[in-house]
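Chain nomenclature is as follows: A, B, C and D, assigned in order of appearance, with residue numbering initiated at 1 for each chain independently.
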Amino acid sequence: MTIDIKREELLISQLADLLINDNHVAVGAASPIPGAAALLAKEEARYLDKRLRVTILHSSRYNNFTDGARELFDCAAQGRIDTFFLGGVQIDGQANINLVGTGKYPHTKKRFPGSFGSPLMYFVVPQIILFREEHSPRTLVQKVDFISAPGVSDDKIYRPGGPKYLLTNRALFKFNKKNEKFSLLKLNENETSDTITKLTGFDFDIHEDLSYMSWPDNKRLDIMRNNVAPMVSEFYPEFANKIWGV
Amino acid sequence: MTIDIKREELLISQLADLLINDNHVAVGAASPIPGAAALLAKEEARYLDKRLRVTILHSSRYNNFTDGARELFDCAAQGRIDTFFLGGVQIDGQANINLVGTGKYPHTKKRFPGSFGSPLMYFVVPQIILFREEHSPRTLVQKVDFISAPGVSDDKIYRPGGPKYLLTNRALFKFNKKNEKFSLLKLNENETSDTITKLTGFDFDIHEDLSYMSWPDNKRLDIMRNNVAPMVSEFYPEFANKIWGV
Amino acid sequence: MKSFEEFTLKEIVDQIEDGFLLGIPADYSGVPMAFTKELINKGFKNLRLYCLPLTTIQGDMLIGSGCVSEIETAAVTLGEFGLAPRFSEAVEKGNIKIKDSTCPALHAQLQATEKSVPFMPLRGVIGSDVQKNRKDWQIISNPMKSAGVENEPILLLPAVQIDVLVFHAACADRNGNIQIGRRRELATLAHASRKVFVTVEQVLETDFFEDELSAATCLPSLYVDGISEVKNGAWPCMLPGVYPSDNEEIKKYSLAAKTKSSFDEYMKFFLNS
Amino acid sequence: MKSFEEFTLKEIVDQIEDGFLLGIPADYSGVPMAFTKELINKGFKNLRLYCLPLTTIQGDMLIGSGCVSEIETAAVTLGEFGLAPRFSEAVEKGNIKIKDSTCPALHAQLQATEKSVPFMPLRGVIGSDVQKNRKDWQIISNPMKSAGVENEPILLLPAVQIDVLVFHAACADRNGNIQIGRRRELATLAHASRKVFVTVEQVLETDFFEDELSAATCLPSLYVDGISEVKNGAWPCMLPGVYPSDNEEIKKYSLAAKTKSSFDEYMKFFLNS
């Protein structure tokens, strides 16, 4: 059965597993996989008679806000968003993320778009899931060249939120706030802790429950393909078409 | 001709004279005479091909705001309102106003509603016109019992706005910021500077241009009775009915 | 199935505890009078009221009924029917604590909570007795080198967290979104409240978010913990755009409220109406 | 007679001076591309851009055309078409000054101006390189005794006054009120701007204020200094609820903009289109 499952579907399923305790998941720009995961979790919650609210900024239908572009940040600061997703040109072992560029700032060697809302969201949303498909020493580095948002802050700083997980094509890490370090929690099918060590630019621990990523079962696949796919096609038509042909 | 003119019409006319250089006049709650004056000035401006914007908070038709109850204050702070009207249970010679109560605060002998927006508006609107119909030693006092908003502030305080005029049933005063004192500018027909002195609880100067209030001419009366009266009846029906029978 | 929590008025009242800070909407933003009856019936003693920015008959009735220990407001008034008698007497006798404020400060304190920052600066107000009597307000010398004037005194207002907000609105949609139109102060109030309950004239079988323009008129259900359908829920206050205030009734109240005994008489009638 | 000021695009451009700080709306709030053409044609050299909170093709084109000396933004991107090539190159070569910011800070700085206060506090951000590189931002120890935590470092952001804001909208009414729907960040931008000009698809023979619900969807003409009717005024960007972005064209741009010479070639065509 596993041969039928796309890589993206596995990632969506992994992310959806992390959202089961949430009341409100928000998804920022250019995030089709997190967006699909949030909608999958929402649909599954419905079967359990629970309500999961999903705000997808890129969509007009799943955008719950009416107070302008500011509301996402105010809403998050109020503690009304449980999970948000962030990416990074570079992510380092302390969970610092860089969305600005590589090389010395400001005249970076390679300039990327910018930090967006990450410097606030990373501080106030309890569960930040870092998501970066490319898993390589180029993306997962020892020290980022520019800190768009820091992974940890000292105790005096107001910080109810922060990094909880990092998902890539190859692995899922859990962030440990105490020792400020990631631990390897799940592997994609062709990986071992050795391959991950080689492809990761930072040091990490091995979680005591290290296991392989579990594949979505038939029920979840049904929901994903029948319910979620058409929803995603509203705001990421190209992605939905590529993965599900809708 | 003057016998036909109501006291309220004279006051409306006096206030309208003070609005001719404005772009935007705002009128707060429970102010039918200032509201009528603003609309009169607006109609007269139209004849001169000028535009005067009038915001009457008590009305839905003449309320130009869409950002909630906060917008009046933000708008005023931005310098977008030229004239606003304030009243007072007591007004003193330094133009301090009291909207809170008489006697010792907080357990005032006689408690009134409260300060509303006056502590901000008095600071930021360039032309504040104080309007209190009753002219007596009870209302115009030497020193107010509670300062809802001070008439003057020291130089370090941000204060582009403040008191410019005080109109009562009996007289119009101009406030002189330099010596922090009112000067008597106009008298209603049966008054003299002596009667005003007797009925005023604070010291004031006599303006070098002291004169009697001029009566509205026929053209202004026409506009007031034909154009303004029906407008006012939308938001102050009882007042409009009492004065103009509409 | 409606996809929001339906509450009875009693269930809303059950969410409120003595000592709570209640958000009180102005007369133009939907006064929840039917709810206020239930609240008075429950017999609270120490409710604290935060008015945005003022209250009329709702606040006066709650105070007259002995439910209120403290009120923060820019004004309490019966508008064209004069002073709020129960409020005035309670303040004169020192029976309630009055935190006199001003409209923009009441808005700004909620905006601080909306942004989850400890304070909000405000211009004006300095030197008034309103400011001088607020020990929770603070004046600092402008610390900002890149804006404003050096050494300028700046007033700081603390963030205020409302415990429960209840207001009345024209309608909700089937997903629990509330139509507030231009009354956007209700959004700020909701953002700054732990729990929000709304009484509505009716629940419509529609989805305000299906259309961009109708979406723009609503408070998202995200901020709403429960809804109760109550016809004439603002009576005798107005519900802007739906019905005017019942001026006969408010006048009757304004006269009755002049003394404690005629107020009590009136309230017996009112609570059973 | 329309009761608002009608401007041509050229007349709007004539209100702008080199050195001005321009308000730049995000791609979802109505990008004034027709106006941007005229702006580039005029040959400005030192415009400063304030993005709320980001810009796409508008900013990249203005930078590529040499009109910009400074940009304050949370991001410049062509979205699904990748990086903004002219922006990236200009920053890498040090040809423009970049004030890297973050969305909530860009909103808060305008809210400070909206309230006429010198600064606005914001939580988060502290310890990032975004914060460390902003000399106009300041960290103070929480001065507020009645709220927040003692000694907590608090970030203060300066009020920013926009000189001119130009955006594109679906429609204006005959009194010059602009329909902005849910795009309320445009209201904040307008409140914080000295001059506001709006290009619209059409002017409707109606009055948005005649109805409470349509009033709620608009920016009052009070904040608008001039209006220009321009069909497809956002092309090739989207105008939400009216037309989608022309992805073919933006893709064409994204490829052309990769080098200075093919960008110049493209702009010759674009400015005459």
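As a convention for this text, contacts are C-beta pairs under 8 Å (C-beta built on N, C-alpha and C of every residue); 3 or more make two chains touch, one makes a residue touch a chain.
These numbers come from a predicted model, not from an experiment.
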item	value
For chain B and chain C, chains touching each	D
Longest centre-to-centre distance from chain D, chain (CA-based)	B
Chain centre separation (chain A, chain C; CA means) in Å	39
CA centroid of chain A to CA centroid of chain B, Å	59
Intercentroid distance (Cα basis), chain D paired with chain A, Å	29
Chain C, residues touching no fewer than two other chains	111, 115-116, 122-123, 148-149, 152, 182, 184, 187, 212, 215-217, 240-241
Multi-chain contact residues (two or more partners), chain B	60, 65-67, 74, 77, 124, 158
All pairs of touching chains, each written as two labels joined by a dash	A-C, A-D, B-C, B-D, C-D
In the complex, chain D residues that touch chain C	108, 111-112, 115-123, 135-138, 140, 142-149, 152, 154, 156, 158-159, 179-182, 184, 212-217, 240-241
List of chain C residues in touch with chain A within their complex	3, 113-116, 184, 187, 191, 209, 212, 215-223
Of chain C, residues touching chain B in the complex	26, 28-29, 52-54, 73-77, 79-80, 83-84, 87-89, 91-94, 98, 100-105, 107, 111, 122-131, 133, 148-149, 151-153, 182-188, 240-241
Chain D contact footprint on chain A (complex, rising order)	29-30, 60, 65-70, 72-74, 77, 99-101, 105-124, 146-150, 153-154, 156-159, 238
Residue numbers on chain B that touch chain D, as the complex places them	24, 51, 53, 55, 60-61, 64-67, 74-75, 77-80, 124, 158
